[in-house]
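Two complexes, one shared chain (chain A), two partners (chain B, chain C).
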Partner chain A sequence: MDFFTSLMSTSVYEGLVYGFVAIGVYFTFRVLSFPDLTVDGSFPLGGAVAAVLIINGSDPWLATLAALAVGICAGLGTSLLNTKLRINALLAGILMMVALYSINLMIMGRSLIPLLREVTIFDQVAQVLGMRADINLSIIVTVVLSVIVLFVLNWFLHTEIGLALRATGDNEQMVRGLGVNTDMTTILGVSLSNGLVSLSGALVAQNQGFSDVGMGIGMIVMGLASVIIGEGIFRPRKITTILLAVVGGTFAYRLFVGIALRLGLPPTNLKLITAVLVIIALAIPYIQKKLRHEWVPPAVRM
Partner chain B sequence: MSKNNSLLQIREVSKIFSRGTVDEVIALDNVSLDVNTEDFITVIGSNGAGKTTLLNIVAGVYPPERGGKVIINGNDITNIGEYKHARYAGRVYQDPRTGTAAKMTVEENLAMAIMRGKPRGLRAATSKQRRELSRSVLAPLGLGLENRLNTLVGTLSGGQRQALALVMATMSKPAILLLDEHIATLDPKTAQIVLELSETIVAQEKMTTLMVTHNMELALRYGNRLIMMHEGRIVVDMNQEQKADLTVNDLVIAFERASGRKFADDSILLHHN
Partner chain C sequence: MKKNGLIKILISICLVLALATPFTIGCGPAAKYKIGISQLVTHPALDATRQGIIDGLAEKGYVEGDNLEIDYQNSELDMSLVATIAQKFVSDKVDAIVSIATPNSLAAIDATEGTDIPVIFSAITDPAGSGMVADWDNHPNENVTGVSDMIVVQDDVNLITQIVPNVKKIGTLYNAGEANSVFLTSKLNEACDALGIEVVEQTVSTSADVLAAAQALVGQVDAIWVGTDNTVVSGLEALIGICEDNQIPFFPSDEPSIERGGIAAYGFDYYDIGLQTGYMVARVLEADDGAVSIPVEKGEIISLSVNTAAAARMGVTIPQSLLDVAATTYEE
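For the complex of A and B:
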């Protein structure tokens, strides 16, 4: 495979599989205005649950679904800390993320579980389609899963409950005044978000052939970078286009990363570069306003 | 308290903030009020008199101190939680940004209001029927909003947003409408338009209304009943006949007599010109 095709197909696969993380981050940060850091813990949680179930002989599809369900529980934990115990959203997410580190190690029993000799969902699909388990197959599997997830999410966000969820992040006071239990919409949104992130973790672990307890580090920043890039490139307005733009943004981010790595960037520098990218993206609107001599309110701390 | 047929009964409601600290404030001091169906009550009083606290209690933002009761249409709603108050009380806030959702379209905002207080399910939030209903409630405003259903509310002017908030507060016909200084932040011309819209909607829909205002003239001109609050208590309560020939000066005198002190809130007097 030549350089360009390999770069593109890797980016497409990664854009789709990490697109679930980006959509999860979009859900919390943008839709709910709930800066949820649970993501760094719920991503490896998905990998851990799927890996442990698979090495114990469970059906890989069942293991993947279990990862989704356990991720929803992680989000449930964070949102309950916030809504029922009134713990600040940022802190609730950090607490859950730290707790999940230990929980993930407990589930796995060690810090790395290899899956190379196990049957994953990719192997199963390869067998059914009579293909080799290569990058093209990874793309086929993730395309199908993405289409299903995007279709369901797009439908959900246009329902009455979905609209209430979107409105909660926009104007919580108004939404309560119109009869919506905003605790419930927050719990629903954060849970759903972490379910998607955990699903992504399960897919990545199966595709790369191992689950690593440290594979979630920086996942939140990566997700945020993807969301920002997607919004910047596509400037979407409607929910349907926003969902597509977020996946598109993840693809673009992965493409940049792929190019940088092939140009000789040490992989260890990746998270630094991503962080710098997000800092720049977040700082640009402020700098633009300053240049126009506009007043900008002080930074929010809590 | 004997049984009666008032729409809204507020019974011995008190509210104390920062209890037990040096900042303790008695915002409401044992207030009782009966609001009859189709009453349009204007509520005036200086800053800290307890007007907004009273509305917050009716809207369920926080419950009153133990012992107080809020009964609407015969249902005790004292402790049912804010979001459950929605079916009983619609509210327009002082800031147009509070009553509308900026990042959603006009249509989506109205869809939220159409479902006021009803269980929300997995049906589509917007439909042709709801779109037509939205157009029919927006058209009488005369602001052209009925042709801008897909506009993001954040791009509307303050007056347009407040008119939309007014429609959202009334379109699903809650038992009572709470207007919380809802024209205070608008420029004089827009304020006049929104005020006239409020009066029209209240008259057409026969809404029972509590309107808090800082403006004594407005309080006299609008509504069929006027209450004045001071230090957490209702000190003046006038019906239509009593307030009919009143001037702002009479109101100031009534205030001084009732509260037992000199009237000293320039912010209210300044509105009188």
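For the complex of A and C:
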């Protein structure tokens, strides 16, 4: 049973901490219909900023907040490229991601900053609670942070601005016709999303003991897979349950990764398995409908 | 509908877990020791190191399958897996973690904090600089030790003075973004100061800058030395071209670069580093306090490789005394 608890605790922690990435990806890909690839760059950006501030003596909580703020700036960059320079969304994200690789190197001054000897937010909480800084503590910290973030996000998405944001993704032209400045909603949404991703990067860097310029590679895949798996398993309808489902999807994804590791599957095959999982999750609704003869081709749909 | 789908997924997860259990709870007699080996990526040097570790342990009596169980995990440059793997080893309560390369060593040290699982790193150039140990020899609070592949720049400089007797200025190229290179360059300055040789430095950011940086050294230096800098070594051919065209003797710091056209270098065989690490792991397993009292070691077996044709192309000859002790001689 030790195997089970260790697998579960690692997956829960990873589900929560990478859940921010999944929420960010969900925001841009689903809510805004904005395919944002900046994620691969803004994740290590968060780690880089937090690490540099921490090794220069800053309070780790402030460093984490700074990472969030800088992530918002990264999202600002992408969305400005798209709204003001009319650069295609996908391209804008890629350009920002590429630029961020150099920026991250410049921020860190090297490709890797170790954080072993530094006091991180996890160390501080461990001290306050009188616990060891182990996986259970990591879970406690990330649970609290996730709850806060989810609450705030959920509230925000029910405000007028939040609703405008959601509508922008559904039908931009109609929303503009209603007088909403879709440029602003896009900028707001993409910035917020990348802020969350950078937050995740800062947390991960502090927990794993180092910040590395390459730690963002594959984040977009992880985020997308988590969103799709979450939607596939939980089939949420309301925005509140969607946010929870996305985090649940991240947990499920990391659980599969953990199982694959223990089964001895080489990590190179892991990406293939992820792709297959996502394909299955995407195809199941269609196949189900086909089997029940409920499939209606898009052209015929009202 | 929703609930049915959810239940189905849950059942399949349980099935997978049930199937997975026999693989991990161990089929067969319980091994005496369990070691986790964490490798960053599949790469000839790292693979050779790992093989050396396994063979070194076997030589000391810890044979895989016999009294030793090895859990080898490779993160293939996926940083999120690096932490997961470290966590897995800690949860599995292994007797020791052996980590090959810096990120996974850092992750392993972080994950084992507060536990009594020792971490032995391998093929790390500057363990103190990356914060893995406070000090090479004395680290009473850290259950961490390992083998470094740090080169002794002093020996390289001596090599240069033997092959280029009147050297007054040595040039070097490096990427200031690589911590190891910054460290090695400072060592170069130290070694040259002691001998009254001037050092001329040029920095690069990517391998594409190597050509221009090399060009900038022409007419300024009597010889060029390059450390184990990944960026410069990637663009080595450009540098070698400039050196050959301008008759500037070029000295790299690893054997593959000699094959590509450097004159001479003291290098490590990563398999030997692995062997040395394997012996160290055996000592850690036998010690009461794990890795705490074992000082970090430098790779011991250093061999000289030379390239006589490269020397000729750059206008120098390698003394017979060096040719006699060279472990590998390239002639083209």
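Here is the rule we go by: the second predicted complex is superposed on the first by the 268 of 302 C-alpha atoms of A that agree within 3 Å, B and C clash if a C-alpha of one lies under 4 Å from a C-alpha of the other, contacts with A are read in each partner's own complex, and residues count from 1 in each chain.
Everything that follows uses one rule, which is that contacts are C-beta pairs under 8 Å (C-beta built on N, C-alpha and C of every residue); 3 or more make two chains touch, one makes a residue touch a chain.
Everything quoted here is computed from the prediction, not taken from an experiment.
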Fit-or-clash call for chain B and chain C when the two complexes are aligned on chain A: fit
Partner chain in contact with A:I259 - chain B first, chain C second, else both or neither: second
C-alpha centroid angle, chain C to chain B via chain A, nearest 10°: 150
First, second, both or neither for A:L105, with chain B first and chain C second: second
First (chain B), second (chain C), both or neither touched by A:A133: second
First, second, both or neither for A:G249, with chain B first and chain C second: neither
Which of chain B and chain C A:P114 touches, first, second, both or neither: second
Partner chain(s) touched by A:N207 [first = chain B, second = chain C, both, neither]: second
Chain B versus chain C as contact partner of A:G46, first or second or both or neither: neither
Touching partner for A:M174 - first (chain B), second (chain C), both, neither: first
First, second, both or neither for A:R235, with chain B first and chain C second: second
Partner, of chain C and chain B, that touches more residues belonging to chain A: C
Smallest separation of CA atoms, chain C relative to chain B, angstrom: 18
Footprint overlap on chain A, where chain B in one structure and chain C in the other make contact: none
Partner chain C, residues of chain A touching it in the complex: 2-4, 6-7, 9-10, 14, 18, 105, 109-112, 114-117, 132-135, 204, 207-210, 212, 214-219, 222, 232-235, 252, 254-255, 257-259, 261-264, 266-268, 270
Touching residues on chain A, where the partner in the complex is chain B: 156, 158-164, 166-167, 170-171, 173-182, 237
Residues on chain B engaged by chain A in the complex (per definition of touch): 59, 81-87, 90-91, 93, 97-104, 108, 111-113, 115-118, 120-126, 152, 168
Chain A partner contacts - residues on chain C that touch it in the complex: 1-2, 5-6, 9, 13, 16-17, 20-21, 23-25, 73-88, 90-93, 102-103, 106-107, 109-111, 113-114, 130-132, 177-179
